[in-house]
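Below are structures written as structure tokens.
Both complexes shown next keep chain A, but they swap its partner, so chain B is in the first and chain C is in the second.
Coming up: the complex of A and B.
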């Protein structure tokens, strides 16, 4: 399509402004993590690496980071197992209530986090009489992580179809051999992309976490929220935020690379 | 037949919901036969093939392979292999790995299976292509890989599901010759599904014409072409002028419904030759086909017929609206049941 010079300039400006609006504040957080000001005042009066040193030895921050990594890893593993099983069930078989199951599986990602949070909090504490902690956070995160894996794998199964598996079976391979040699290699990158997205989703989740974490376990987002307005903690929060940005960007970048190479 | 049939289908039926895709097919296919299932899409031929391969379970009826009932066996337990319409090559494997796959899952050591795969590639004239990925091949080459992959495990019966459908005309004609050669050389039973009547006539020892889930006619190419038994066959395999019993009586003075091929009609000037039925009419349309011309004639008796005239030295000059006589040779009238 050909565009006139004016509309080209207009589009460029709009794009630049939109991207600036999204990324300048993030850049400010990165700068603040090196600021000499204790209250994140703007512009930064000077630069120092003091907060990075402090943050990286801060027991609360470190334990929050490891908690978040463990929770994200555990809920991703659950999501991979359940999401894959679900997508195979919904793609390969027809059974009573199939479309209902399909809807119910995808719904958690659309439900407001606060509703999921309240509901799970209630269920865990009053109905199941459980202590809130590691287990409840991981289960809560898995409810929406399953969706990302399911979506990725289901879309892949649809695209690949069943003819490759028929060919494999026709050539004498049993069900497991076919899965190992044909099906799995076909869905591997979808599993990887779904897993990474699910990891990133769990890693920065705060609403559902607030309702299911109890008082003993602190994930990174909760640590940040708790410390943001405490005296002298603001620069440490900025450092932790930068760490989060890094941990979140890498998987998303890899996931996107994977999907684009697949489409080629 | 003295020998045991390679394939015996008995009362084979497949319903999807309330729809009968295949109903009550009985069929014996001899070892070493090149057998075609010919029919329009939705006629049930592919479903029959998939039931022989084991991808579909019959609603009722049985499939026997050399006397052994395999109706309930999984595809990987059957000694038949399939060449798929879309080839179904494994995209993450090289051509050699694709061809060697059937031997790999049978536990054949890597050197032995790669050698066998190279031989199979040579058989389909693709030496030296082993290291490529399927995506780097043309349609015709993929087709050959699919053939080599199915042949390498030495099946007793090879099923081919419209294998040439995606190829252009020249390539298709070349592959037809090669398929026939390979089949003759290896002596395997080929079951070939196609909707292309010319392909079926060219290749097959016998043809089963399918329509609406059943076999409407079974015979060799000449049988099916020269003596179509139903109006459907008369017009699906080639084209014919079809006369109902009443029309035959009124127009031809012939008893019983019948059909006749365009190439068995002749346009004559003046009186029809002795022993023929002369039908006066008017030329309604002429279609030039190169070596021949198709002339559509509206008979005065109120029937439209097509005449295929060779463009040889004796071509008659037939302009639109010309009054002509169509000569019918009664021995070419094929009775319909």
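Coming up: the complex of A and C.
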């Protein structure tokens, strides 16, 4: 589109400002994790790696990281099984209530986290009389992680079609052999990408987690939230926050690379 | 597909009995599509139906129960005390209005920020810049929500970066409160608003814009009369995210909102401190109802197909 010079410059400037608006806060956290100040004052009076050393030997932070890793891994495994089964069912079959099932998958992330959180909290505590803990967090996380796996695998199934599988069974391969040697290799990278996204989603989640974790289990986001309001913990929280960005961004980046190279 | 050639040696080691069982299962499943479907659907439906739908229904039911004020135990007795309290009490009116106001403000701020950058990405930038910008917008979408809210806690802090930047000009940080919460929420949901608007703009054919300017329209009027009407569904799709996510938020409000009360914080304090799940359930029906009204209102525009 032809634009006047002024509007072009105007657009460039607004775009640059918007990007700054998006990235400056994240940069501030990274810089604060190296600041010598114990409060959040700006600009940092000096730089130190002291907090990184302290945070990386902090028992609470370390156990929170391993808790988060276990929860994310367990809910990803469940999400992979359920999400893959669902995407095959919705792609290969047409049946009564198909669109309802489709809606059902999206619902846990479409509704506000607080509704999902309190609904599960209420179901576990009041209805089933259960103690909140590992089991309840993993069940809750798996519930909203199903959709990421489903989206990835369903998109892949739609793209690869069924002709190779038909060829395989025409040549005499049974269902298992066809799945192992034809279908699985075709969806392998979609499973991996969906699994990574679901892992990152679970690793970051805070709203549903606060309602389903109880007091015994502390995930990394809950650790950050608990320590955020304590005086003088600011630098350690900043370090853990940076670690959290890294742990979440790396799998996302790999997943993005996987899906874009596949689509070429 | 090179792995296919290795299939023959695989079968050699298997015992004939196991192989024939697997084979029979395979033949049976191949012939019975309905059994295949049932096997695929049973586990996920069991999970989503039992865990999620049952939980939502239970939430609705709990809203009609009460809590014994002495023991803190839930009394299973049908009444509408909580509902009338939530509908009638002035506190809930004020908080609901404040929350809806915040959601509308956040949505408006996000749309105003999103329109120029989305237009630039879709219609002005070269292919390479466009791709880089999409990634630049997507990456923070995945950076932890909590970390971003925490970032705003440091930005809005006393002697924080806002005070440092605007202090010399006589300005100061709004501090932790309603304004801080609105700013932070607008920041949090911005990528969710940019992306659908960008997708909608991508679909607007360039020839329309050229025709408009050939006919003498200035950039501003082309945008108002040609582009804007075409991307309304995209804008609404984005607004659904910012609106509904703001209605349900309580963590960011807790972190940067100071003492500001929103529907989310009320729900949370009733689950935790006050230990009154039935009341919390009743309160949580307010954002749910508002979202369904909103979704119903925008359904006619076709925006839901743009999600």
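Just so it is clear, the second predicted complex is superposed on the first by the 252 of 264 C-alpha atoms of A that agree within 3 Å, B and C clash if a C-alpha of one lies under 4 Å from a C-alpha of the other, contacts with A are read in each partner's own complex, and residues count from 1 in each chain.
Keep this in mind: a contact is a pair of C-beta atoms (placed from the backbone, for glycine too) under 8 Å apart; a residue touches a chain by one contact, two chains touch by 3 or more.
Only a predicted model underlies this, so the values are computations on that prediction, with no experimental measurement involved.
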Touched chain A residues, chain B compared with chain C:
C
So, does A:70 touch the first partner chain B, the second partner chain C, both, or neither?
neither
Does the superposition put A:89 against chain B (first), chain C (second), both, or neither?
second
Look at A:181 in the shared chain and tell me whether it touches chain B only, chain C only, both, or neither; answer first, second, both or neither.
both
Give one of first, second, both or neither to describe whether A:130 is in contact with chain B, with chain C, with both, or with none.
neither
A:109 contacts which: chain B (first), chain C (second), both, neither?
neither
Just to be sure I read the superposition right, which of the two partners does A:166 touch: chain B = first, chain C = second, or both, or neither?
first
Go through the superposed model and pick first if A:56 touches only chain B, second if only chain C, both, or neither.
neither
Following superposition on chain A, which residues of chain A contact chain B and also contact chain C?
164, 169, 173-174, 177, 181-182, 185
Residues on chain A engaged by chain C in the complex (per definition of touch)
1-4, 7-8, 10-12, 14-15, 18-19, 21-26, 28-29, 32, 39-43, 78, 81-83, 85-86, 88-89, 92-93, 95, 101, 104-105, 107-108, 110-116, 118-123, 125-127, 139, 142-143, 146, 164, 169, 173-177, 181-182, 185, 200, 204, 206-207, 210-211, 221, 224-225, 228, 234, 237-238, 241, 244-245, 248-249, 252-253, 256
With touch defined as at the start, can you tell me which chain C residues reach chain A in the complex?
1, 3-4, 7, 22-23, 25-27, 29-30, 33, 36-37, 39-41, 43-45, 47-49, 51-56, 58-59, 62, 74, 113, 116-117, 119-121, 123-124, 133, 135-140, 142-148, 150-155, 157-161, 163-164, 187, 190-191, 206, 209-210, 213, 218-219, 222, 244-245, 247-251, 255, 264, 267-268, 271, 277, 280-281, 284, 287-288, 291
Taking the complex as given, what residues does chain A use to touch chain B?
163-164, 166-174, 177, 181-182, 185-186
In their complex, what parts of chain B are in touch with chain A?
53-55, 74-76, 80-82, 84, 86, 88-92, 101-102, 104-106, 149-150, 153
